[in-house]
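Single-structure report; data block below.
Should a chain be cited, it is by its letter among A, B and C, assigned in written order, with residues numbered from 1 in that chain.
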Amino acid sequence: MLSLLALAVPLLMGVIALVVPWRRWIGWGSAFSSAGVLGLGVALCVTTSSHGPVSALHGMLRADALSSFMVVVIGTVSLLATLQTPRVMSQEIAAGTTNPRLASYYVVLMQAFITCMLTAVLAANLGVLWVAIEATTIATTFLVSHHRTKKAIEASWKYVILCSVGIALAFLGTVLVYFAALHAGVGTPRTASLNWTSLMAIAPHLNHGVMRLAITLLVLGYGTKVGLAPTHSWLADAHSQAPAPVSALMSGVLLTVAFYALLRFKAIADAALGPAFPRALFIIVGLLSLVVAAVLLIAQRDYKRMLAYSSVEHMGLLALGAAAGSSLAIAAVLLHMLGHGLTKSTLFISSGEIAHAEGTTEIAKVTALLARRPVLGAIFGCALLALLGFPPFSLFISEFTMARAEVNVGLWWVVASSLVCLSVIFVAMTNHARHLLLGGESSTAVPLSARSVVVPLVTALVACAFVGVSAWPLLTLLHAAAHVVAP
Amino acid sequence: MTHFGPPLGYAIIASILQVALIVLGGPLLMGLMAKVRARAEGRVGAPIHQPLRDLRKLMGKEGLRAHHSSVVLAVAPLIVLGSTALAVAISPLVTTHPLLSASADLFVIVYLLLTGSVTMALAGLDTGTAFGGMGSSRAITVGALAEPALLVAVIALSIQARTSNLPAIVADTINHPVWTSTPTRILALVALVIVVIAETGRLPVDNPNTHLELTMIHEAMTLEYAGSDLGLVTLGAAMRLGLLFALVMNLFVPWGVATGRSIPWLLAAVVFLALKTSLLAVVVSLIEVHSAKLRLFRVPELLAGGFVLAVLAVITQLATR
Amino acid sequence: MSTSFYVGALELTTGAVLVCAVMTLWRRQVRTIVTMLRFQGVALAAVAGVLAWHEHDVGLAITAAPVLAVKGALVPWLLHRVIRLDPRSRETAPLINVPASLVSSAFLIVVSYVVCSKLTALAPSAASRLVPIGVATVLVGYFMLVTRRRSVSQIVGLLLVDNGIALVTFLLTAGVPLIVELGATLDVLLVVVVLQVLVVNAGARHGSFDLDEMRELHD
């Protein structure tokens, strides 16, 4: 029931935005619906912790601890992103880069996007999960090309083509899993289904050759959507050309929803093949992503692309944590998802403000932000520190715990290599940040940033720090969620 | 091959019949194709036996040879005729038990035809003229691209028969029901038709009626021949055309080929073969009427497409065994 | 339906899917390429129909209709709208020329046959033996995506990948659950709608939409 409500709220808001012409209150309405999603997510967490997994809609939707946690993550980041909608749309309409019709399309597509993500995490059937993730690609294409410039259209073209190809591979992997289930020799053929729970039950009987092929295709396919190398080339273009709240939502939570799909499939593969083969796959893509991100961050010239490549890095870290596979590792991965979502969205939204104020996204042309716009610069700087893994922010705890879990399993060489890459990334990003933030002299007449920017972003950073210091109230939830895929 | 096949005398009679049939029938097929083209263009056209009359006229004339030519120019028409006649004698045209049928392997017949092509190419180079060399190089290029398609297409058919012996393949096709491995047959047929058009020098690969030397492929090689030499060369080309058409029809529509040891059936098979090859000649002529000559650098595209279709035929056959 | 007739019909329709894929690599006229795609959609629906008839599977028969409608009619119609905007109707200078592309596709077909041996071994049947043909279509689609420059050719490559995967789905599992199959077909349609709108918008605003000119975003 709750899960159904969680889907219905953004859907309803989307329909309203479609029917009613653009007004400012529609923008606030979308923020309100995201707040509703967050509240329902918290309620779902409470319900699943006391009653266990709940189903709805004749078993099509299923919420266990992992799904409820993902709903909370989606709700949080979408709240941050949609709170910006009224201000950003008014700015763009005033500047003439958009018109009310496009603004209402923007709201409709954002709501559709959020609904699809919620469907993906609440789906009981892995095929429905696939359909929902494909639907997010379609919903976000026009969001990426919202500004209708030549670069934006090129970015959205690349995004659609590459992600559709990846998703098609993931579909083939899903079909192979279904094929293995049909011939698993348990029960009669034709009673197999793509439900995750039934697949987990018969996992030990699935054919090894077919499952190996299937998990490889799935890692490559969904890995395209996550932004893991070698299929990461769409990320920088799409996330840098999209409007700032859209980039926040995509980088903050869409990548993690695709990774959630990988976690579900990895659980099946671990039960069918044993941990060795899936672990090797995840280590390969994880280390490759870290190396690629490190190399490409050094000579970066655009700060939005810099943030996009940092997303590639963090997805690589998530892959390495999932490779470890223990309950502690997965709990750290989930905490990292939440922390990354909060900080990355903060960074993208503030970078959107910076781009609007300075008129350019090149690092070389923006300088002395702390002097000229102290509040905005401070937010950007603190969020960047959080992203780089400084205490007290939660990313420090999650990265440390992931490293500890990897060492526990014997992957100390992976930890060493990832630390090398992380140090390179640290140096590269602090270098760019130094150029952006420092220098110049402070003046007294500084323009003020809008309250609708400052308040949510500061709240997000404070929440991230709070979670970093004391993981309560999330501790039990994280362990319950991790137990779902890593018993 | 079977030990209880027809006796040697039967095989000798059948092979002689095949050679005679192709010697007469090759020029007749060329005449038929010219007639169909003429009718399609709204003309009456020359009678079907006109190529035979041309051959008789040419054989009566003196064969002049260029001053600087060597023995290659003199000997080449004989080699071409000899190799083609040998290939005709051992191919399964009117019977599945011709002379030396155990040696009638796909590769043997293809190499016999290749001997003829290479010899003609050498003869084109022999006189040292520019057009001769140009024709030779073009002909060898087309031939080199068509060979893989030809071999792979017939190999697709040989997978089911489990042998590459052509008479055995034809016998096997007669024994099997018609709708098995249909996709393989369709793909191999299209590939073979493309190859035959290329090897016999018809449109859209080569225009046999062109008088512009720069557009010639096969005719450029034979520019220096005259009189009886030219007659022999033209007869060789006509026999090659007849052999290829007959082989293609027998591989795909083998009913009518004599499998037993009776002479009357042999004569009936001659009639059937004439009908089948005439049908293929009409089809190829209609393709000629409706297509323009391909530019030379587009010919590899056509032949590569034929090659892919042949590979598809093989894979389809392997995948459905 | 007798077994040999079923096997023959299945082979014919599956082979037609792959032949259409090879023809899209062969021909240069973009209009012909889209017509080949239309034939491929019809052949794919025919495969689903033959399988449904043999297995008496109503769900699969129901999926054949939307597959025919979307892949055989709607998608080619949308692609024709894209073509109409661009007066240049030929694929000029692909990155790998046509004869080399055709030979590479022959190589890819052989590779797919080798790779699929494990899949066929798990459940040998007339349908699963034809899985290499579906995988070959996917590989040909990838090849086209990578080596062609026109935007329409890239869309065709993507659609070949999707058609190949749909063929593998039908052959291996006689279709996944109905809702997933319908969702997948609808997704293909929506992707093509999206791409078509992108091309139309770009063409309207910036004069042309040639992938060759899209080089502004890079590191």
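Operating definition for what follows: a residue touches a chain if its C-beta (ideal position, glycine included) is under 8 Å from a C-beta of that chain, and two chains touch if they have at least 3 such contacts.
A quick note: this is a predicted structure, and the numbers were derived from the prediction, not measured.
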| item | value |
| --- | --- |
| Contacts common to chain A and chain B (chain labels) | C |
| Busiest interface, counted in C-beta pairs | A-C |
| Most central chain, judged by mean C-alpha position against the global CA mean | C |
| Greatest separation from chain B - chain, by CA centre | A |
| Euclidean distance of C-alpha centroids - chain A vs chain B, Å | 66 |
| Whole-Å gap separating chain B and chain C, where each centre is the average of the chain's CA atoms | 37 |
| For chain A paired with chain C, centre-to-centre distance based on mean C-alpha positions, whole Å | 31 |
| Chain B contact footprint on chain C (complex, rising order) | 4-5, 7-8, 11-12, 14-16, 18-19, 22, 26, 98-100, 102-103, 105-106, 109-110, 113, 126, 129-130, 132-133, 136 |
| Contact footprint of chain C on chain A as seen in their complex | 125, 127-128, 130-131, 134-135, 137-138, 141-142, 145, 148, 150-151, 153-158, 160-161, 164-165, 168, 171-172, 174-176, 178-180, 182-183, 193-194, 207, 209-210, 213, 236-237, 240-241, 296, 299-300, 305 |
| Parts of chain C lying in touch with chain A, wherever the complex brings them together | 118-119, 121-123, 138, 142, 145, 151, 154, 158, 161-162, 165, 168-169, 172-173, 176-177, 179-180, 183-184, 187, 190-191, 194-195, 197-198, 201-202, 205-206, 209, 211, 214, 216-217, 219 |
| In the complex with chain C, residue positions of chain B that touch it | 177, 179-183, 187, 300-301, 303-305, 307-309, 311-312, 315-316, 318-320 |
